[in-house]
Each structure stands twice: as structure tokens, then as C-alpha cells.
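Heads up, the next two complexes both have subunit A, just with different partners, subunit B and then subunit C.
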Partner chain A sequence: MGATYEFYKGLWKENPVFRMVMGMCPTLAVTNAAINGVAMGLATAFVLVCSNIVVALIKTLIPSKVRIPAYVIIIATFVTIADLILAAYFPDIQKVLGLFIPLIVVNCVILARAEAFASKSNVRLSILDALGMGIGFTWALTLLGIIREILGMGSIFGISLFGEGYISWIIFILPPGAFLTLGLLIAFFNAFSKNKAEDSCCH
Partner chain B sequence: MELLLLFISQVLVNNFVLARFLGICPFLGVSKRTEVAFSMGLATTFVMTLSAIATWLVQNFILIPFGMQRFLQYVAFILIIASLVQFVEMFLKKTSPTLYQSLGIFLPLITTNCAILGLALLAALNEYSLIQSTIFGFGAGVGFTLAITAMAGIREHIEFSDIPAAFKGVPITLVTAAIMAMAFLGFSGLIPM
Partner chain C sequence: MEHGNLVVSSSPHIRSKESVNSIMYNVIIALLPATVAAIYFFRLRAFLLIAVSIIAAIAAEAIILKIRKKPIAINDGSAIITGLLLALTISPAMPLWMAVVGSVVSIGIGKQVYGGLGSNPFNPALVGRAFLIITFPVQMTTWINPIDGLATATPLGLQKMEGIGTGYLELLLGNVGGSLGETSALLLLIGGLYLIYKGIIRWYIPVSYLGTVAAMSLILGSDPIFQLLSGGLMLGAFFMATDMVTSPVTKKGQLIFGIGAGLITIIVRLYGGYPEGVLFSILLMNIFTPIIDKYAMPKIYGEVKSK
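After this line comes the complex of A and B, so read on.
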């Protein structure tokens, strides 16, 4: 298992959304437009990389009994930083994502990478792992956002595709559309790949 | 009356799981058996109500007076929730072993349940009073219990159905959730927002 594998595995083989079925709340909630999916994915990737670095650096200093609260506080700190950066430079996106930026704190992808990977390996591999997972999470959210935006609003990244005559399927930008799109996508990927998606998430 | 409306809106109209996408992880992960799902719902309702009260107190007596709510809110809230869950676990273990046996295994999972943190942040965002926050937390918990128990009931039946191989597991659960969410959309006209 080389260093490149640690990077590539997050893209497809252990993709957090389609294979591991983790971080479902932001995946379903913010993907009603492609741009929101990109923004949420990048914000999560930022927190993931930073927290993986810090956890890998101080893993020997944390007593194992309080490691989970310690990781959560590290993650919460970087989420606050990400939130303030978004509020300062991209206030529109920060408003749209709203509640789901602070909820990156309890995104199980991040805690799972800290616990399962960064706490057991060095900084270089942890960064590669976080980058792979972050990019895997981002493309998954973007794909969902693109599909839901095309069907639900007839546009892609805000650019209208079909002109005036298109009757948009509002259901796809409402909550049921999120569940349905992700369910069908995972079924589609299951049908064309040897490994199936994990049965449950987080635990 | 206003409080009753708040309660009903949290249970049906703005259901945490099906309308707000909070607490999806346990909703998908712990919904295989009805009894287990119901216990999980009870444990979550309990922690939600308590954490709504605790985070309200910290928000209004510590964070706001010292002007720290913009910078320390996330860290403070997640710490309160984590320690509250730990405390509830120890308290139950000591006082009610039977209750601990049915709820105990779920308590550690609840810390990373985004419904709890989401609830605290929403209550702070809407500037609810202490009573409103408590009702909000309790209503959200009841809504969560309703959704997860109904889901488990459906999944118990799906298990014996002949479904395409690709849909087995997560995909069929998500499609079921989609249909449930559609049904819950029907409640949206119930309360004028």
C-alpha cells in the first residue's frame, strides 16, 4: 500500500458518500444546486485536511480515553475558521449553506478519518488521505447537485439549459428528491461495480 | 397555543429527519428493528430535550454576555453535548440499570448525531426562550422517533421482499425515505409559517 494508494482510495474505492455511506446529512441537505455541492465539499475538505494534520501531529500527546472529545474540539475549531472565512469572502454561499457549515463538526467522515487514519499514521500520509477523501466527498456532492439542479430547475451552475418551455421537476430540489437521487445513484453504482456500498454509516 | 403549534410543526411539518436532513446517520443505520429504533428514538428525545435546555443556558448566560457567540459557539455547544451524553450515561447506569440496558448502547452514538447540534444551533438562531427551546427540543425528538420507528417498520417488511440485487441495503432504504419524505410534504400546509 503506497502513498499514492492513500490518495486514490478516497476517490472511488472508499468514496465516503457512494461506498462508505458517511456524511449523509450535508450530502442530502445542500445538494439542491451544483454550486452548493461544490462549496460544501470544499469546506469539508478544508476541515478534513487541517484536522488530519493536527491529529497526526499531536496523536502521541492525547490520552486515548479522551481522544474523541479532543478530536471533536480540533474539528470544531477548524469549522469555526472555515465558517468565518466563508462569511468574510463568500457571504452568499455562507447564507445558503447556513446551518450545515457548523454541522461539519459532527460529519462522521471527518471524525472517522481522524480516528481510523490520522491517529495511526504520519503527517504526510494523513494529508494524502484527507485530500483523497475530501476530493471524493466533493465530487460526490457536485454530481448529486448537478443531477438535482438539472432535473429540478433545468439549469446547471445557474446557467439555464432548456429554455422557456422546460417544466422543472420541483420534487428534485425538495427533500424527497435528495433521498431518491442518492438512492438511485448508489443502486446504479452497485450494479456496475463488484463491491457494494456499506450497509450502514458511522458506527 | 403557540407552543403547541411549535411542537406540531417540529413533529410533522419540519420533521428533523425528513424535512431538515438532520440525524440521517442513525435514521439509516439503526432502523432495522422496530424495538431498537424506538429505543434509539427515546434516547435521542431525552438527550435532545436536555441539551436544548443546557445549550440555552450557556448561550444566554455565558456566550452572549461575554460576546463570544460568533467564535466559541460551535466548540462550546459540542462540548456541552458530549459531556451531557456522558453524564446521562453515568446517571442511567447508576440509577436505572434496566433503562440503561435498553438505551445505553445508543448514547455514545448520539454525540455525533447532527440532529442534537443542529437543534442547539437552530434554537440559538431563532432566539427562542427557555420554554420554547425545551418544547422545540422535545418536539424534534418526538419527530425523530416517529420517523425512525416508521422507517424500521417498513424495513422489517422490505427484508422479505424480492428486490433487485443492486437496490439491496442502502439504496432501497433511501428510496423508502424518499417516499416517506413525500408523504410528510403533505403536512406542509398544516401550519401557516
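After this line comes the complex of A and C, so read on.
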């Protein structure tokens, strides 16, 4: 369990979206276009890294009975910062993501990393953990966004792929498309990693 | 174990000659009149749509069963029915590839993800149709008039949006715009009665379903005969709501199922955003099937009320 493992585990082995199935609210709600997935992923990663650092720094000062409210206040601080940065520099994206930016406060990925990791580790490992989880969350949301945007609008990051004649698969930019895409992706990844585990252990 | 002429065996002692195959092929026979009518009214388009839907459904079933490493049971006819039912619920103006998408979704997401035949909570063909109507709303609601081949609206759409009625005889025979299989109420009725005569389905769901629609339209001030004969009601009531996998098993349960579906249909038709409510009514009642089954179970012989 070296420092590199703490970073890499979030990318795949303990990927918050595809393996832990956490943070479903933003995962399903905002991934109707690739750019929204990237923005939500990066905003969450930013909050995750900052809150993990602060929690790791002050973990001995927080009485264990009130630790969850304390974490929420720390997280909420950084969410406000992220929200204001987005509003200042990327107002379009901030408008699209809307309510889901403030809702990062209650994203269980962030709270889980604070509770399960940062409160028990030093700052260096907490940063690596948060970076890994943040990048894992971001690529998962981006992949979902890319698939849904290609099918639902025929474009990728706003660039049209198939020209005028493309008939959009409207379901994929609507909520049912989020569930379908996520479910099929998880099934696909599970099948893939299950075979790998069987190959390595039993033959 | 034989003792003279006596054969000792465990129950069940009475077996039905019915099998999954015989049931499925009887349903296909019952759907034939409506299918032939669809091909008569819409010619080559209808034939191609039906053929493509069925082939895609069978292919999807075979491929997914192969991936799941299960025996490839495409001979049981269930995939044929799913493809055929889906084809009968789509507009004759649909591009063929959309029918393929619908069939693959029906089999893949409607049936095989849940574990295949017998495990699906929703009617697979209706899952495919729901996917299509949300995904391609324009193509799914572009209707062709079977007589002149021009674009038209369905009788329900005309009634709802423009207040124009359609004659009973036309509805009965099928000279109206609509999905492939929902134009001729008469031929669907014949197919449904054949199924009841053969004992494949019981009358509880169709009768309570149609009865509720008729009674409610009378109460709510709509023409009950028009409501019964138009749209996908006949197809839904006889061939989709009665799906053995997704409807309740007891008489009481089936009556509740039919009444619920009838209520939802008439509410969507008269007050909803869509002109037709059969699709959603059956899918919604499919969700309630396990609960209905739980509360509509008959008492076991000799059972005493627990105190």
C-alpha cells in the first residue's frame, strides 16, 4: 500500500463511479454533454483535494462526535469557492450545471474520502488519494458525457460529428439515457474485470 | 418404482400439454390476421418493417444468449413475438434501422438484462416501443393514411387535437392512420378471441381492461365505442397486457390489473400530453404486478387466519 497505490486506486480499482457507485446525483444529472461532465468532474476534484488537505491537517482538533458537520462546513467552503470561480470565468457552464454545483457539498464521494481516508492519514497521502479519486470521477463523468452527447446530439464537445442529417437519439440527453448509459457501462466494465480476475487466479 | 400395475411417483400428476413453444406459436397465429392486414394496408413498407423487426429480435436474442453462455433458445418463438409485436406498434413511416434499434432494445434491455424469458418485469416489446417514442418522437408519430399514402394523424390524435371524429366502420376495418397493427380493431379482436378460445389467455384482463375504458369514457363524457376501437387498445388488451410473465397470476389479480390499466389509459387519453395511453398504462401496471400478486393470492386450502 504505497503512496502510488493511493493515487492509482481511484483511477480504476476503486473508481468512485464505476466501482463504488458513489456520487450518483451529479453523475446522472449533469452528464448530458461532454463539457458538462468535465466541468462537474473538475469542480468536484478541486473540492475533493482542498477538503482532504484541510481535514488531514485539522483531524486531531475535531471532536469525533461533531466530525461530520465539521467536514460539511469545510467542504461547503470550497464548494462556494468553486461556484464563484465558475461564475466568474465560465458563466455559461455555471448556468448549465446550476443547482448541481452547490450540491457538491453533499456529494458522498467527498464526504466518504474525508471520513474514510483524510481523517486517518497524513496530508501527502490525502492529496494523492483525492487526486486519484478526483481524476477517476472526472474521467467517468467525461466518458458518460461523451457517449450521451454523441448519441443524443451527434456532437462531441460541441463539435458536430455527423452533419445536418443526423437524427438525434433524444433519450440519451434525457434522464432515462443517463441510467441506461451508466448501467450498460458498469455491466461492460464488470464483465471485463471479472474475466481478468478469473484468468489471473484460476488457470 | 412399480408395484404390479401401480406406478408410484411424486406430484404433479396431471400435466398440461402446453409448452412454451405451443403457447408462443398460438400467439403468432392469433396475430396473423392483423399482420396480414398491416401488409395489405401499407404494402411493402409494412412487410419490410415486420421482417426486419423479427430478424433483429431473433439475432439480438441469439447474440446475447451466446455472450451470456446460455443455450440459444431462439426456437421457443418468444423473440419472434417480441419482434412482431414491436413492429405492429410502430408507424409505417419509420425508417427500417429504427425498427432494428427498437428490437435490439426490446430484447436486450427489456428482457435479457433481467435474465431472459420469464424474468422480465416489463413487456419487452413495450420497452422497445417506449424507448423508440422517447428517442425518435418525430418519426414515431408521423402517420400514413393507408388509402392515399399521404401523411395523416391517428383517429385519437384527430379527436384530441382538432376535435374531428372517425367513423366506427373505418375504425373496425382499419382504413385509418396508425401503427401497423393497431388500425383494424376487428382483426385484433378475432385474434384475441382465438387466444381465449384456445385457453392461452383468460378473459379477465381484456374484459376488465376494455370494460374500464368503456365505463370511464361514458362517465367522463367521451364516446365509449370510439375509445374502444381506436388506438392500440385492442392490441394492448389482448396481446400485451395478458403477457404471462408480466401480469398477475390469479383471477382477482388479473381483474385489478385490467381495471388499473384501463384507468391509466383513459386518463392519459383524455387529460394527458400523449394522444394514446395504452403503452404507459401497461408498463405502469407491469410495475405493480408483484404487489398485486402478493395481495391477490388465494387462501391455501385449510388455512386459518393468523391471530
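Keep this in mind: the second predicted complex is superposed on the first by the 194 of 203 C-alpha atoms of A that agree within 3 Å, B and C clash if a C-alpha of one lies under 4 Å from a C-alpha of the other, contacts with A are read in each partner's own complex, and residues count from 1 in each chain.
FYI, a residue touches a chain if its C-beta (ideal position, glycine included) is under 8 Å from a C-beta of that chain, and two chains touch if they have at least 3 such contacts.
Keep in mind that this is a model prediction, so the values were computed, not measured.
S.K.: In the overlay, answer first, second, both or neither for which of subunit B and subunit C A:28 touches.
M.R.: Once the two structures are laid over each other on A, A:28 reaches subunit B alone.
S.K.: Counting residues of subunit A in contact, which comes out ahead: subunit B or subunit C?
M.R.: Larger number of subunit A residues touched: B.
S.K.: With the two complexes superposed on chain A, say which partner A:167 touches: subunit B (first), subunit C (second), both, or neither.
M.R.: In the superposition, A:167 contacts subunit C only.
S.K.: Between subunit B (first) and subunit C (second), which does A:111 come into contact with in this model arrangement: first, second, both, or neither?
M.R.: first
S.K.: Thinking of the overlay built on chain A, is A:176 touched by subunit B (first), by subunit C (second), by both, or by neither?
M.R.: After superposing on A, A:176 lies in contact with both subunit B and subunit C.
S.K.: Would you check which partner chain A:72 touches, where first means subunit B only, second means subunit C only, and both and neither mean what they say?
M.R.: Only subunit B; A:72 stays clear of subunit C.
S.K.: Between subunit B and subunit C, whom does A:92 touch in the aligned arrangement: first, second, both, or neither?
M.R.: A:92 sits against neither subunit B nor subunit C.
S.K.: Just which bits of subunit A does subunit B share with subunit C as contact spots?
M.R.: 171, 174, 176, 180, 183, 187
S.K.: Would you pull the subunit C residues touching subunit A in the complex into a rising list?
M.R.: 109, 113, 131, 134-137, 139
S.K.: Which stretch or stretches of subunit A touch subunit C in the complex?
M.R.: Its residues touching subunit C are 167, 169-172, 174, 176, 180, 183, 187.
S.K.: Which part of subunit B faces subunit A closely enough to touch in the complex?
M.R.: Of all residues in subunit B, those touching subunit A are 18-26, 28-30, 70-75, 78-79, 82, 109, 111-114, 117-118, 121-122, 125, 164-175, 177-179, 181-182, 184-185.
S.K.: What residues of subunit A sit close enough to touch subunit B in their complex?
M.R.: Within the complex, subunit A contacts subunit B at residues 21-22, 24-25, 28-29, 68-69, 72-73, 76-77, 79-80, 83-84, 99, 102-103, 105-108, 111, 171, 174-180, 182-184, 186-188, 190-191, 196-203.
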